[in-house]
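As written, the chains take the letters A, B, C and D, and residue 1 is the first residue of each chain.
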Amino acid sequence: MSNIIYYVSFIILGIGIYGIVSQKNLFKQLISLSIIDTAVNIFIVALGYVEWGEAPIYSTITPVANFVDPLPQALVLTAIVIGVGILALGSVLLVHINEKYGSLDPDEIRDTREVVE
Amino acid sequence: MQSLLLYLAIGALVGYFLSMINKRLGPIVLLALSLYGLFTLWNMPIGSVEDLFGFEDILQFTALSKYFSIITLIVFSCYAFFNIVWISKAKRPYAFSALSILTLFGTLGVFLTPHLIALYIFWEVAVVASLFIVPMGKEESKKATIWYIVISSIGSYMFLYGTFLLYSKFGTFNLFEISGDIASEGTGFKWLVSLLLLGAGVAKSGIFPLHVWLRNVHGNAPDTFSAVLSGQLVKMGSYIIALFLGAFPIATMFSQFYAGVNIFSYVLIWLGNISILIGTFMAIKQNDMKMLMAYSTVANGGYILIGLALLDQVGFAGGLFHVINHALAATMIFLSFAAVVYRTGTTKIDEMGGLIFKMPVTFVTYLVGIISIAGIPPTSGFVSKWMIFQSLISKGMFVTAMFTFVGSIGSFLYVFRPLAGVFLGQLKRKDKDVKEAPMIMLLPMIILVALTILWGVFPQQVLVWVTDVQRQFGMEPFKFDGTVLYSNLGHWDSWTVFVMFMVGFIIAAVIYILMPKGKKIPLDDQYTSGEFLHNFDLYHYATKYYAFLEREYEGHPSFEDWYTSIVNVLKAIGKGVDYLVRRTASAYTFWMALVLALLLWVRW
Amino acid sequence: MIALLIAVPLVFAFASIPHERLGRYFLPFVAMFNLVCLFFFMHPEQILEVGKWPAAYGIALVLDNVSYPFLIFVNFLILMMSLSATLENRYGTLLLVLTAAVNGIMLTGDFFNSFVFLEIISVIAYIVAAHKDNALGAFKYLIFGGIGGTMYLLGAVSVYVKSGTLNMAYASFITDPMVVPTICIFFLITFLVELKVLPLGLWAPDVYSNGSSVTPIALGSIVTVSLVYLFSRIFLNIFDLPNPQLVGILAMVSIIFSELGALKQKGLGRALSFATISGVSTVVAALSMRESEITSAAYFYLFNDVVSKFILFTLFAYLGERGFKSNKTAGIAFTFASLSVVGFPMFAGFWAKYYLLKALFQVNSYALPAIILIAAVIEAGYLIKWNVELWYKEEDREKDREDVEAEKAEGVEEVEEVEDFVPFGAQVVTLLLALTLVVVGFMPGLIHDQTMSIANHVLDFRPYLDLILKGGM
Amino acid sequence: MRRVWAILVAGVFLYFLVGQFLPIIPTFGNVDLFARVAFDIINKSTTTNYNAVEFKKSKDLEDGSANVVTSIVVNYRSFDTLGEVSVLFCAAIGVGILASMLKSKKRIEFEEHKVLRISTGIVLPLILLFGAYIFIHGHLSPGGGFPGGTTIALGVLLLMLSNNEFKVTNVAKYVEQSAGAGYVVIGLMGMAIGGVFLMNFLPTGVVGNLFSAGVVPIVYTFIGFKVGAELSNVISDLREG
């Protein structure tokens, strides 16, 4: 039962996948992608947890090392920034799509495109 | 041989740039090169071996190489000669000349090497070079090019697959090294390899079921190039068939089936039968004279295949002999058509008529050509057909003999259609000012006529080449003595027959000259008693010429349609793929899950 | 020293921010600089531990006999693209970063680092994909590539969890038969997405067919080559490919279906996009065999496919479907490239097919050759159709021109004159590449020797490990 | 139907993760740190022998930052961070390019509010200061260049919300340029001095002091400026259209 945090992150990831497949609105798909990112980040941080470990910072409270694994945290830091970049990019793309087709619903977009073709 | 190929490769470039100075220089380069090639290869001893560009012993000059190279070079020299004038009508003269030279390079290369990969390379060079000449023809020729490349690719990739199969078994690409060991392999392997290797030959020489490209390509290619296509490039396919049937010990590789013919040959013979049938009946139907001759090529490809597949003393020789006959005849006929089109600008039979009065030499060329195709003495066409018949009858293969016989009768019918429609009958009003083709065009046609009749009367020279081939492949050579040819059923003296024919011809000519001539009435008068006509062509008597025959097989299944519908099915699948592409990322995620599930389900 | 290949493009990229057009002028010089460095100052078998941290702790950049030829090829392609493509404002900066990223992904010996570079490439790919107002295609790619990237991240992290380090060489000590396939599935999904093997490569046609002179070349040529490198590094060198038969079958299905998709297309751009999918799928199918001759042939195939598609896409971007009448050089390059793609003799493509078939038959694999040849028949059909149509188009065009002139005479001014202008740079580049194909067609040894050496090195893990351990311990 | 598909698809992923992936990873919290490189990184002994690190006492270690995550991000795996900066940089450029390609050049206008405007004047310096504090103290406390830069960008956003006339000028771009190039130049300086790209060439000092950890604070400062300028640009691009 100690693995519950893993299950939680997997379930969030599943929710993200479910969102991407089930949602028609493209913006909701982008949000689902962001949810997946978050889930993976939670999972990675959880992987580095050592029982009774502390935040990996030398300070007056923790002058001597009894830390959780800092490396996954560093990786997550990078992953978060990448996620932010993709989120920003995706939203601008959506602005473009909305301007071009007047909608973010793929069905409506397809209708307008087929008229054009 | 190496130097000849090198000259040809360089010649292609030289031809291109010289053409820019004067269009006519391109064909002249080709002519010079083919005459040079003819001279060299004629004198080359059989069995010489040479390197090519540093690859050792790639080129090998066999009797079969010699035979096919000489046919090729004759056809090409006549074609080049003819082109000197005709080139002014070509759409892209520079590229036309250069690519023609490249085609010659490719085909000669095919004949000169037993190394299967080198052969494939030369083969594809010839295909690509000719490929880009074809769309210079009529409007539909672009579509014809697709037929050409697809069917040709099917053939050549079958060949490539077979080549690599052999390589993986024997570790060499040299055909003659392989042929010694292949008999000991498993039956399935032998069938597969033989069928794959012959695939290229079948596709190229227009044998059923890969015959469909001929009508489009020969019919729509530039007029003179059709002569090369039918007279020469198709013979590349015959070469492949002859090479493999000769070099492989087919007789020991496959079990005997019927009358001393093994099962593999029997399959080929049936393909030949069907080709003859299809070619003949479809040719009867055609209104376009070039397409008509294209189907005739299919039928004659069938003859050659039957002859070669018989693999015996008489039949194999007959098949080889038929190659040269058909090459000459087809070249002659297509060149005369080119001359007609050069003057009248159309290929439709019912738009012409009575050109005998305006273009007598062209008419004679065509006449001799069709006589040879139909297999009437004293032309060489008779000799080869006689040999094939002899072999079939002596083996008791009466069904096949019947097919070939039907083909012969049919060829009388279809060759007569352009004869009557184009040359005989009455002159169209729009053709009043048509002149005979220029002298330079007539000369190669006359040379071809002379060769056909010469080899029809004195076939020794050709038979020497043919028997050389047979000897080299370890077959019993065909027996002949001067102009007398022997088979198990009897013999035949072409000189005697020629004399008898000449006597008959002279008698007929005398009667024709002495007899009173008929009176000429304009064509339309015959039908309408002088009424006004809206469409003259409908009343042209070449329209629906063989309606009584065509009615019998109207609505027949068409392989062209069948292949087109296969392509349509493929396109429908492609449309499905395209549909998937146009979905959103949601659908893609589904595919990702599917792949993931597959990866989990199929355990490592 | 080898870090310069990444640092210099990045410095120039950052330096070019305020001036929108500066990036595109930097690009050729940076690519040239990289090539000069690679040729004269860098030689294989060296390792750089970034920041002087031992390989297991920090990040190691490895220049070995596998990455060296790949780097030269990719930087050469970048140089060519910088000369041929029409770069709009600020795309130059992006492509500078792309240069750094593809160099990085080929040099790095660290899983997470390769993930970061993969993401740089992806982000640039999404932006470049949106070129020519193609936001919808780019968005589909973004969602799909986003999930793929996440998978790669999970894979990299599980490598860390199992081996305690992110270094590729050390990671290969994971031998647990339960663990390796699971990790590899993560990576595999990403690669199947990014390398466009069909059920997962469905994004590609929409993205490539936008008619830009940058998108298909940057993504289809440059990025593809670098990802094929990473694919072979991970699956041939470090881990074993999980379930190679299945991957092979997927790739074969992909070859056939993409060719059918291309056959159906009415537009040249989409047809070429599908052809690209088929080309890369062939490479993946061949690589999944894990045999040195086949691998070498696969790299040869990749070389030919990438160079030819470079030419085809560039000319398509400039000429569209307008014919070669006024652009003979372009036409010749186009024809050479398409003949090479199909694999006609005397072009590089023939030797690619030759070596591939020969090697496949040697290991008694008969299905893939058959599929490659069937695909070649279909490919020949539609590519030759396009060639013929574009070469022999002049009649219609002349008619058009007459119409245009007639309409002008009548005073209709709004008719746009169709310009068949291929920029000088693009003409030179495409012709040069086409000649390369011909030269390689006559002297296949030039490339084959290289690919053979790559293949031998990539299938032998020892030199890579030695290189890193010598530097690390 | 769509939902059923979605559940199935998500189910496949979950099945893979739970059934295939979970068994091979250690249970939560049960990590053997000694088997991972993190152990040596925490004790700052990747190149030297093990010595317990003590806050404010250990000096001249191979890496001087008290925040171990920072030491990984900016020192041990600094190359990743360079890549990370590039990702953000590319995304920002992409937003700029795509926003400039929009056809309707409609600028987003806000309703100005006096309270907001005046309070912005008071809060803004504090926000900027706080941002600067975060990235300057990145090696001592949680935080660093990215959060710091984001905080600065938030200040710019506040300015934008409160003042319709406000525009991010070209200065932001120059900041971005010099900060980005500065990071690489620091790396190249390491190469010039120590022979290796991105080497820490400054003395590392005592763990826990502000002036410690060598180039880490400098790099974080650059990153902070760069991220701040970049995100401000993104916001402004999105607003201006």
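Assume a contact is a pair of C-beta atoms (placed from the backbone, for glycine too) under 8 Å apart; a residue touches a chain by one contact, two chains touch by 3 or more.
Everything numeric here is computed off the predicted structure, so don't read it as measured data.
More C-beta pairs touch across one of C-D and B-D than the other; that pair is C-D. Centroid distances from chain D, each centroid being the mean of CA atoms, peak for B.
Ranked by how close its C-alpha mean sits to the mean of all protein C-alpha atoms, the top chain is C. Work out the mean CA point of chain C and of chain D, and you get 31 Å between them. Each chain gets one centre point, the mean of its Cα atoms, and the points for chain B and chain D are 74 Å apart. As a whole-number value, the distance joining the C-alpha centres of chain A and chain B reads 67 Å.
With centres set at the average Cα position, the gap from chain B to chain C is 44 Å. Residues of chain A in contact with at least two other chains: 17, 20-22, 24, 26, 29, 47, 71, 75, 78, 82, 85-86, 89, 93, 96. Contact with two or more other chains is made by residues 582, 584-586, 589-590, 593-594, 596, 600 of chain B. Residues of chain D in contact with at least two other chains: 5-6, 9, 13, 16, 20, 25, 36-38, 41, 77, 80, 83-84, 87, 90-91, 94, 98, 101.
Considering their complex, residues 117, 120-122, 124-125, 128, 131-132, 135-136, 142, 145-146, 149-150, 153-154, 157, 160-161, 164-165, 167-168, 567, 570-575, 577-578, 580-585, 587-589, 591-592, 594-596, 598-600, 602-604 of chain B touch chain C.
On the chain D side of its complex with chain C, the touching residues are 16, 20-21, 23-26, 35-38, 40-41, 46-47, 75-80, 82-84, 86-87, 89-91, 93-94, 96-98, 101, 170, 173-174, 176-177, 180-181, 183-185, 187-188, 190-191, 194, 196-200. Residues 3-4, 6-7, 10-11, 13-18, 48-54, 56-59, 89-91, 93-94, 97, 100-101, 104, 108, 112-113, 116-117, 119-120, 123-124, 126-127, 130, 133, 135, 154, 158, 160-162, 164-166, 176, 178-179, 182, 185 of chain C are the ones that touch chain D when the two sit in their complex. Considering their complex, residues 2-3, 5-7, 9-11, 13-14, 17-18, 22, 25, 27-31, 33, 36-38, 41-43, 52-57, 66-69, 72-73, 77, 80-81, 83-84, 87-88, 90-92, 94-95, 98-99, 101-104, 140-142, 144, 146, 207-208, 234, 238 of chain D touch chain A. On chain B, the positions that touch chain A within their shared complex are 582, 584-586, 589-590, 593.
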